[in-house]
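By written order: A, B, C and D. Residues from 1 in each chain.
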Amino acid sequence: MTPLLELRGLGKRFGGIDAVRDVSLSVAPGEVVGLIGPNGAGKTTLVNLITGVHRASRGAVIFDGQDVTRQWPHQAARRGLARTFQVVQPFPRMTALENVTAGALFAGAAGSVAAARRQAGALLDRVGLGEEAHKPAAILTLPSRKRLELAKSLAMKPRLLLLDEVNAGLNSSEIDDAVALIRSIAAEGVTLILIEHLMKVVLSLATRIVVLHQGALIADGTPAEVTADPRVVEAYLGAKFAQRQAKALVGVERA
Amino acid sequence: MDAALLVQVVLNGILLGALYACIAAGFSLVWGVLNVINMLHGSLIILAGYLACSLWTEWQVHPLAAMLPVGLLLFLAGTALQVLLINRVVDRPVLTTLTLTFGLDMVLYNAMNAAFEATPRRVTLELGRLTLGEVVLPWDRIVAMLLALALTGLLYGVLRASRLGRAIVAVRMDREAASLMGIRVARIYALTFGLGAFMAGVCGALLAVVYPITTNATGQLLGKAFIVCVVGGLGTVPGALAGGLALGVTESLGGHFLGPQAAALLGFGLMLVLLVVRPTGLLGRKGYE
Amino acid sequence: MSPSNATALLVWILALAATPLLGDNYVVKIATFVAFYAALALSWNFIGGMAGYPSFATAAFVGLGSYAGALVQNAGAPLAVGWLAGALASGLAAVALGAVVLRLRGHYFAIGSIALVEVLSLTASWWSGLTGGGEGLNVAFLPGGPDTIARVFLYVMLAIAILALGTTVVVMRGRLGFALRCISQNEDAAEMVGIPTTRCKIIAFVLSAIPCGAAGAAYASWVAYIAPADAFSILLTVKVPVMVMLGGAGTLIGPVLGATALVLLEETVWARFLDLHQAILGGVIVALIFFLPGGLVGLARRGRST
Amino acid sequence: MPEALLEVAGLTAAYGPVQVLWGLDLRVMPGAVTAVVGSNGAGKSSLLKVLSGLLPATGGRMRFAGRDVTGAGSETLLAAGIAHVPEGRRLFRGLSVQDNLLLGAYLRRAGRYELRRDLDRVFSLFPILGQRRRQDATTLSGGEQQMCAIGRGLMARPQLLMVDELSLGLAPRAVDLLADALRSISNEGLTILLVEQDVLTALDLSSEAYVVETGRVVASGRSELLADDPRIRAAYLGRE
């Protein structure tokens, strides 16, 4: 099966330092890949390279067999390659409904503004923001803004969705709701890349985990393999996590 | 084009560039810290020039001696103006703050025309010339350059080493975090705008020694400040220096090879190129918007 | 567009159109200036109001239009062709200059747009072979008596303003208007939802340039003489956004209201206080910023809502 | 009932039309580490912004070290001894690590030697900062920036150090290091008020804890008890 996304020797240099070094990776349609790594490991830079926010210094990004290394972000969006922002980026003075309508109208290529508005209304209900549809995005609480970001991404009819720390700042029970929502998106066949610090989320969703450290891939495998890998523990997880993890792995049931 | 002539043209450019740095330093500080484009800056410089000239004609106070008093006077005026008017719109978008200072500039420009009539006036210094081989440099220009560099250096020292300077940089980078340090942001805005006006004051008095002072020059001075800030980099004194010298040399070379009007055109051309290639300027930093 | 706005605009258009019947040529001249500035204010609204880019480039497009129109007319073309040439020249310039200046944001864009005006003014005074340099350029005179001339230019300016108004309504309702609103609120997020931000901004810039080019060319034929300093006037390039702010930015009737108010104000002030004219206009601008932040439209809305 | 260092009663606050605090009551005992946990947008960070004067309270009372400080500005509250390490660290770009730390002591107008001693105390707590004192503070890694932000708070010689979102965006390993540093600061007698998203870390570090929901306290008590409380486990530790 040809991979949906393929990175070949991808590199990015920012003023002397290699933020991303020689990353090669391929993701098949329908996969849910967790992308973890310490702060400053280059995770967000990698997302920016894939979605055209930054231009790669070396290597190539192949999406659905097409070389999209030099694409603009709006071209990525229209190809069905969507991403959420680590710091949520709504249109502040527009209502939640209009924010999602924007996704449907442009990347989602809805026929008209009215059609886009209808699709947006349905998606807001799905993420549980139905009654906040006419509130300006700026005054929504953080959990609601996160759900708005998800609804906007869905409105863009994505084939590959990069979720950049979409759960940062949520508490455990809010995370469970978000995980359930993400699981339903994956169930529809949308390929997902989860950029996360919260191991709880990654472990309950990802079928495969890729670890980035100082710009380079240091591990790629199933959750069990990766969390046991000594290099990953040393570079990222820390000893305390290992004990808690050993206890928790026993308790976590995955649907 | 023999070497001596080239050296002469470049040195003239450096003499001019030091003045441009001094002209732009105050403007760059206000833009960098308060995020306000101060369209008044050119008129403040010319006002200082008029004051220095009238101090010279009425009481024989030499412009170089008048620099400090005129500077302090403008410092007080600038601080008052900021506290009364500008502080109330400092958070509004650039369209509002730029238009406000443009409106104030129209008032000051008209008032100066009424008070001083537009006849250019200047205080000539008979200091003779310095000759190095075939290169000839008028002493008054050299003195003006040295004083301009000294003033810019003084501002740099204040910002870098003093407690007030650190507070100003802190307010520029993150206003809310600065107030967490106990810094009174409104007071820093007032002092910074006052400091900007002080620089315009001393620079205006200095200019009276080198150039004819006339209200027609306010627009040009403002234009130079724009170019120097963009070319050199915003809100940093080394940026103003780098931008000033770059503009001075470019205009001097341009003027020599292509004529005076081309010099001004080259200045703006240099700015547009820098705006696109490196909007943060030669030494500036990204991310004020 | 709300019915009250529609009727207000219709009344405004009819009032201006009727001035040749009601008043003497002086009144017609003022009406022509009102239409001229209304066209400029409506054009500015595409880039300043909708896309949220604080543009001070209006004078660049007006000046460019004046020179293009003048040169084409002096080469023997009929007046109308001159005006079209002005519109085309400014439109094409907006594409080229936009690709450069629109990469900047906020303060840098404001400064970059003012620099355009200055660069074009310096070029016009430097390139004396083409533009007559500092001495300026005489423009072929429209045949016909003073009444017909006054009337022709009133209706030309009014037509340009109506064209700009119509385009505004169409754009505001469609995809481009929605895209520009997204860009003005969060440009990065706009790019992320699939909006080709650079292309949309350039289109808005071109839309803001074309009516200015036409109006500039018509103005050149009306006054029959242009020189770099007043064709590319910094005062005009700041006055136009002030008019939009006076009327109420981002609205439909704001620019029209603001242009009308400021032109009438200037006429009364100019007549009485010739030498203090600039100080008083400056004072009005300062007062506007403190006492009318939302503009006249904001005032009306506040009036209705309390 | 020993005298509380900080006492807040019926506190209300809002960002424009959006009210975030709905009558919040809180007591912080001297020498202890008190944690405030709760879902995001519950008002935890807004509480700290009110306590440090960044966000004006619209109602309620605030007493600190026996004095009523209701409605006081940032400067007065810092002078009274409340230092706030803000969410996202917010160090000053363009200034070195040392200059950032010195700004922490801006209000004290202390002499050169006193400042030198305070700097050395911070460098002994966080040696990495000593090695990188000349470097631009914002070029440090996330964990190091958090250390610098905490150090900057200590430079004000506060009676109460408020830390907002210690772990946000940091790798678990960095959070462990910082938690140990806070423990040693607390052992030296400094009172700490910690707002933290990661409930495990928060309860592990603190002796007292408050659970905040939509701008009001819904549960409070000793941290170990709260950690075992089924309601809290369900609400905040998910279905584990």
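We adopt the following convention: a contact is a pair of C-beta atoms (placed from the backbone, for glycine too) under 8 Å apart; a residue touches a chain by one contact, two chains touch by 3 or more.
Treat the numbers as computed from the prediction; the structure is a model and nothing was measured.
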item	value
Chains in simultaneous contact with chain B and chain D	none
Chains touching both chain A and chain C	none
Reference chain D; chain at largest CA-centroid distance	C
Chain pair showing more contacts of the two, B-C and A-D	B-C
Between chain A and chain B, centroid-to-centroid distance (C-alpha), Å	48
Chain centre separation in whole Å, for chain D relative to chain C (CA means)	53
Centroid spacing, where centroids are CA-atom means, of chain A and chain D in whole angstrom	30
Chain contact topology (line, ring, star, complete or other)	ring
Touching pairs among all chains present in the structure	A-C, A-D, B-C, B-D
Parts of chain C lying in touch with chain B, wherever the complex brings them together	48, 54, 56, 100-101, 103-108, 110-112, 114-116, 118-119, 122-123, 125-126, 234, 238, 241-242, 245, 249, 275-279, 281-286, 289-290, 293
Parts of chain A lying in touch with chain D, wherever the complex brings them together	37-40, 86, 139, 141-144, 165, 168-176, 197, 199-200, 236-241, 244, 248, 251-252
Chain B residues within the chain D interface of the complex	163, 166-167, 169-170, 172-174, 176-184, 285, 287
Chain B - residues contacting chain C, complex	31, 35, 37, 85, 88-89, 92-96, 98-100, 102-107, 109-111, 114, 219, 223, 226, 229-230, 261-262, 264-265, 268-269, 271-272, 275-276, 279, 288-289
Residue ranges of chain A in contact with chain C within the complex	51, 72-74, 77-78, 82-83, 85, 89-94, 101-103, 105-109, 113, 152, 156
